[in-house]
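Chain naming follows the written order as A, B, C and D, and within any one chain the residues start at number 1.
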Amino acid sequence: MNLGSVFILLPWLAAPWLATRRTGGHCFAMAVALVELVLALVLRLAPGMLHDTSHALFIPMLGALWTLHDGLLGGTLAVLTALLLPISLAFAWRLPEFRALALAALVMEGALFGLFLADNVLMFYIFYEILALAGAFLILRTGHKSRTAALLFLLYTVVGSLLFLVALVGVYVLHGAQTGVYDFSVLILADTRIPATAGLWMFLGMVAGLAVKMPLFPLHSWASSSYGAAAPAGSIFLSGAAVTAGAYGLIHFAMPMLPQAALQFAPVGITLGAIGTLYGAFLALNADNLRHFAAYASVSHMNLAGLGLFALQAQAMRGGIFLLIAHGLVSAGLFGVVAVMEARGLTGEWAGLGGLFRRAPRLGAWMLFFFLAGMGLPGLANFPGEFLSLAGAFQVLPWAAGLATLGILAGVIYFLRIYERVMLGPLNAVLPDALADLRQGEWLLFWVLGLLTLWMGLDPQTVLAHLGTLLSAHGSEALGGGGHGV
Amino acid sequence: MTLELALVIAALLFLAGIALILLRRSLIFLLLGMELLFNAAMVIALVGGARWHSSTGQVLVIFIMALSGAALALTLALLLRVKQELGGDTVDVLCHLREEADE
Amino acid sequence: MTALLVLLLALIVLMSSAALLVVRSPMHGAVNLGVTLLALGILFLVLGAPFVAALEVVLYVGAILVLFLFAIMLLRTPVQPEPEARWRSGFWWPVILVLLLAAVVILLFTRPPPLLTVIREIGPVIIGRALFGPYMWLTEAVALLLFAVIGAVLAVHRREGHDA
Amino acid sequence: MSEWLWLIPGFPLLGALLNALFGGRCSPRGMGRMAATMPFLSTLVVLALWSTHGRDPHLHDRVWTWIAVGRFHADIAFQVDQVTLIMISIAAFVGFLIHLFSQQFMAGDYGERRYYFYLNLFVGGMLVLTMADNLLLLYLGWEAVGLCSYALVAHWYRKPENAWAGRKAFVVTRIGDTALALAIFMLFAEYHTLNDQQLFVAVATHPDVLVLTIAGALTLIGAIAKSAQFPLHIWLPDSMAGPSTVSALIHAATMVTAGVYLCIRLYPVFAAVPGMLWVIGLSGAFTAFYAASCAIAQVDIKRVLAYSTISQLGYMFLGVGIGAPSLGLFHLLVHACFKALLFMSAGVVISVYNEDHDIRHMGGLKAQQPFLRWVFLAGIFALAAVPVVSASFYSKDAIIATAFMVPGGKLLWALALLGAVLTAAYAFRLYFLIFEGPVTPGEPYRMGWGMKIPLALLAAASIGMGWLQFPPGWSGPDLWLPWLAPVLGMPPMPSGAVNVFLQITGSVATLLGIGIGIKAAQWERRGHGFSRLAFLSGAWFFDAAFLRVFPPAVYAFARFLDRGVERTGFRWAFLGGLRDGFGVGSQLLGIGENGLLSRYASGMVLGLLILLVFAWGWM
């Protein structure tokens, strides 16, 4: 037990306590979230404190379950997660379902930290499943409280992760048969020599399990219903933090274990990412309310990130990861805007919106800001990620990356169209007269998010330079030091 | 020959038990069949113990006895309750315990 | 000599269990079970387990069978006013199954492993040592289980009282 | 001096940041003053730059590393050479003048603070664009000015058509941005660098014609979208929905010239591909003619100026295309002055006529606004390129003349000359309709010094700026071309008899145009002017056709993807099938789960039987 274990377990210990409360618990949840944020920063900035090779929970045939490592990538994503939780809670502050949301989000946070720090693939899988369950709970108990959406989410993620498990066990058994060592540690499994065809199938299984969470193109269908059903404040966490789990699994586990298959899959992955980028963009253009719009925008961005990751190329992968992080902030901003509107009784249906800027100029300004960030305006967070992903992927598969570049154009079309519908034009007569602009607290939240977005856009190097060696373990060697060249 | 014959007895008991469980309509006979199954298991455990001169067989039998007794006591209590609630003591009434919603 | 005795026991078991299968009255069934259990008690003695043989008589014939009798009494099954169906509905399926099972068991026993061993008696002392030595925790667990059974039965009954 | 370069874009950006942070606490008037100070400070730094390094500027300032992954390396770094120095002078100084003008012009507007925020941001973005030392930073400025253009065109957002016009401007220019991004990807994939200088060296040593052709074409698309060249010019006329000062700054002086600037900057890339320059020239010459023909039929004062801008930008592209980028830059400078002047004056005219844009409802304004009349006339002189006494005569006519000299340039020359006739015609038609003829009284409008000084300065520049560079064969100043020669080379200027012929044709074209323009004004008054030609006033129906095809196609495709693929394919067929499959499966499996105890037992026995058979097989 060290700081890392405390880091993982604290939210899980806090969650049951929160569950026993009938009312309140706001400050408690927030305090836990802030403590976790501090811990995440400490662990990220002083990674040595985390390293735990004590082989706790060593189980024969499975390996040491509780071995934590101090990967820079996982640490960075953990900081993002820890940052999004308080923001999500703050946006949910006045919701009646605050405790359900906080409960689910805390459990998800613990699971995310666990899987970011885990060295053991089986442990990753377990955390991943817990994440899915808590996510389903969040959808079930907040917002529209839709059973259908929760079930759909669960169906997609659980079936996906079962495929992941099957592929994982395949690698495990192969490795055991070759060396006699049965262990689920990624460092050990990455040594396996896997025949090409079998490797491709296993990689496909893993991709199915991990991509479903991001969500990448053919597996995206849960996203709009889930983000559309959960409370927007919960969607912040769901779309910003939870999606990083899938991408992290790809980079940290799937690709290092099956490097050759990953290289073989790269063109397909890039193509799917490109299709998904445009597909999400067009669906966002035709979305029927603000929640679905934000959901599809998020899908579009995540597909672009997926394109970068699958390209297995130095710029593209870093760009993909950067986009993942940036998307967390921007998505928080987008869903935050939706949350603020819903707190004022605006449902987000187009018919009830229009000319809102006149009543709420601050809200309108921040909405524009995050829309601009979303459409990849340089100087804001998404741009370095998008540009690096595309520039990198362009070197691997030019026509597909070129197709995805049209997403730049599509982004401006759908974001501005929606902005015009909501904010500009004459004041909609159905809007209530006493529509308050941003309150001080909300305003401050947006400033925090906004400054972070700006910082990420203007000085991305601080993050980019410290992502560590991607494709850790033996993957990078097998890929000849970074896949498709530098 | 003793041990082989004892095994044959166990097989007889087992078959009789299974037949009782599968064929009889009354729940009482079903429970009697279960006792026969337990006894078949006990015989085999004892044959094993005798074959390897080990006390483990007998220890196992004692545990089986305790377990079967415990199970039986509980089952009989449940049986009485079934009779009270469902008004019958046959196997077929038990299907009323199933959730009705799906029918 | 012992082989003959065992053969006899086998015959008794066969007959009594066959009778168990066909009798109509539960009371008759209980009596037949008693016969089977007593025969088994003798078999246990032959197999060199006097303590278990004693337990078989005391526990099974003495306690469990009595439990059955109480249950039968409480169920107040009529002594046989009208001929009740002996077999359950949908009879043929299970019969085929049972016959198949019998066939397989017989096939299995057509080539038994040679078990030519002198049977030595293992007395209660050794059993006691084993129970309270290496199997101590298991014994305690079983004790706990029996204790729990009392609770469970009570729980079943309390609901009953509550309903009534 | 080098390490202070960042101050030039830094001041306006700081102004925008201060506005965002503290704007709520201050009065809009105070914000306006602060905002105007910022480009003034930038101008001071630029002036200092002129005084210290004006003769031969070569400055570089690396501020911090922006993005660096492998060889994908882009700094926040600024560089200044001759071209940049001209561009930043325009951006900072004209920007400052327009800020100054806005103090009175925009007073009391409902979005005054927002206006100054975007205006400051725009000047900052434009300065970053011009000073960037790599393509990525250039792209940042490129997008930033695009955003400001959107926000300022849609400034009066309460009218839906204004918001729509802003969006159209952003979307159409973003087509070009996408092409530019693709060009950057291609160039990086081929040459592994983003830095301009390294790129030029690499292009010179390893010219890969295929890559350079595609990348050059894509860059050109980016440039023509930003500079509103045919066929991506359609956004500019609608952008006139914004305040006139915005049109003056963004849609005349600075942002729209970014495309020309990009072509000048990447001149080595274009020059490396045979034929590419001629395509640029053709695009410019055709646009110059096309837009001039549209401008002559417009009745909205700002739309006349908008088409005029498109046309003038065409001349700049023509200058780049004929291998005379320095002349293109010269015309850019001149145009920035006189077009900003014309737009600001037009803003006053519109205010006088109570927000009525229709020039047929105006007339005889010279009596009421004498000052305005003279500065406007100076601008019109420059626009029409009146010989000798207007700056444009020295820049535009030089381009047209040079076009004659290059191989394949006769066609370009003819188009450009035709455009020049039309230019003079619409310029004087505009002037005569507004300021001459029967008087249509307007509202009283008194211009303060804050408005008069910028107009006067720009009017002086419109007349006198051309005297920097006399045509070949004239005795007089010859400053511009030699100064730029180190970076842009010397253009192939005509000489001898051809020169005389070209100059005379240019002047005759202008005078002919002026005559047509005066006539056109009279015809317009009588109700049968060019505006009745629907083909011309509708800009050859190009915009209408575009709007009829492109947006509906996009929306239809989006609807198809949503209803046809997502709802029908993914949700109905896939998920519905999955659900029904689960339903059927559960019913099938549920047959065994009927609550009959003995059937469960039968199942167990069956399983046991199978196991036993297996066991028998093993034995």
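Basically, a contact is a pair of C-beta atoms (placed from the backbone, for glycine too) under 8 Å apart; a residue touches a chain by one contact, two chains touch by 3 or more.
Since the model is a prediction, treat every value here as computed from it, not as a measurement.
On a Cα centroid basis, the chain most remote from chain D in this structure is C. Looking at C-D alongside B-C, one finds more C-beta pairs in contact between the chains of B-C.
One finds 96 Å separating the Cα centroids of chain C and chain D.
Work out the mean CA point of chain B and of chain C, and you get 7 Å between them. Here the CA centre of chain A is 55 Å from the CA centre of chain B. Note on chain placement: the centre of chain A and the centre of chain D lie 37 Å apart, centres being C-alpha means.
Those residues of chain C in touch with two or more other chains are numbered 88, 94, 97-98, 101, 105.
Multi-chain contact residues of chain B (touching two or more other chains) are listed as 18, 22, 91-92. Listed for chain D are residues 598, 602, 605, each touching two or more other chains. Chain contacts in this assembly follow no simple pattern; the graph is neither a line, a ring, a star nor complete. Every pair of chains meeting the touch criterion is listed here: A-D, B-C, B-D, C-D. The part of chain C that touches chain D in the complex is made up of residues 88, 90, 93-94, 97-98, 100-101, 104-105, 107-108, 111. On the chain D side of its complex with chain A, the touching residues are 64-72, 76, 114, 136, 139-140, 143-144, 147, 150-151, 154, 157-160, 163-164, 167, 170-171, 174-175, 177-178, 181-182, 184-186, 188-189, 554-555, 557-559, 561-562, 565-566, 570-571, 574-575, 578. Residues 18, 21-22, 30, 91-92, 94-98, 102 of chain B are the ones that touch chain D when the two sit in their complex. Every residue of chain C that touches chain B in the complex is listed here, in rising order: 2-3, 6-7, 9-10, 13-14, 17-18, 20-21, 26, 29-30, 33, 36-37, 40, 43-44, 46-49, 51-52, 55-56, 59-60, 63-64, 67-68, 70-72, 74-75, 77, 84-89, 91, 94-95, 97-98, 101-102, 105, 109, 112, 115, 117, 119-120, 122, 126-127, 129-131, 135, 138, 142, 145-146, 149, 152-153, 156-157, 159-160.
Chain B meets chain C in the complex at residues 1-9, 11-16, 18-20, 22-26, 28-29, 31-32, 35-36, 39, 42-43, 46-47, 49-51, 53-59, 61-63, 65-70, 72-74, 76-81, 83-84, 89-92.
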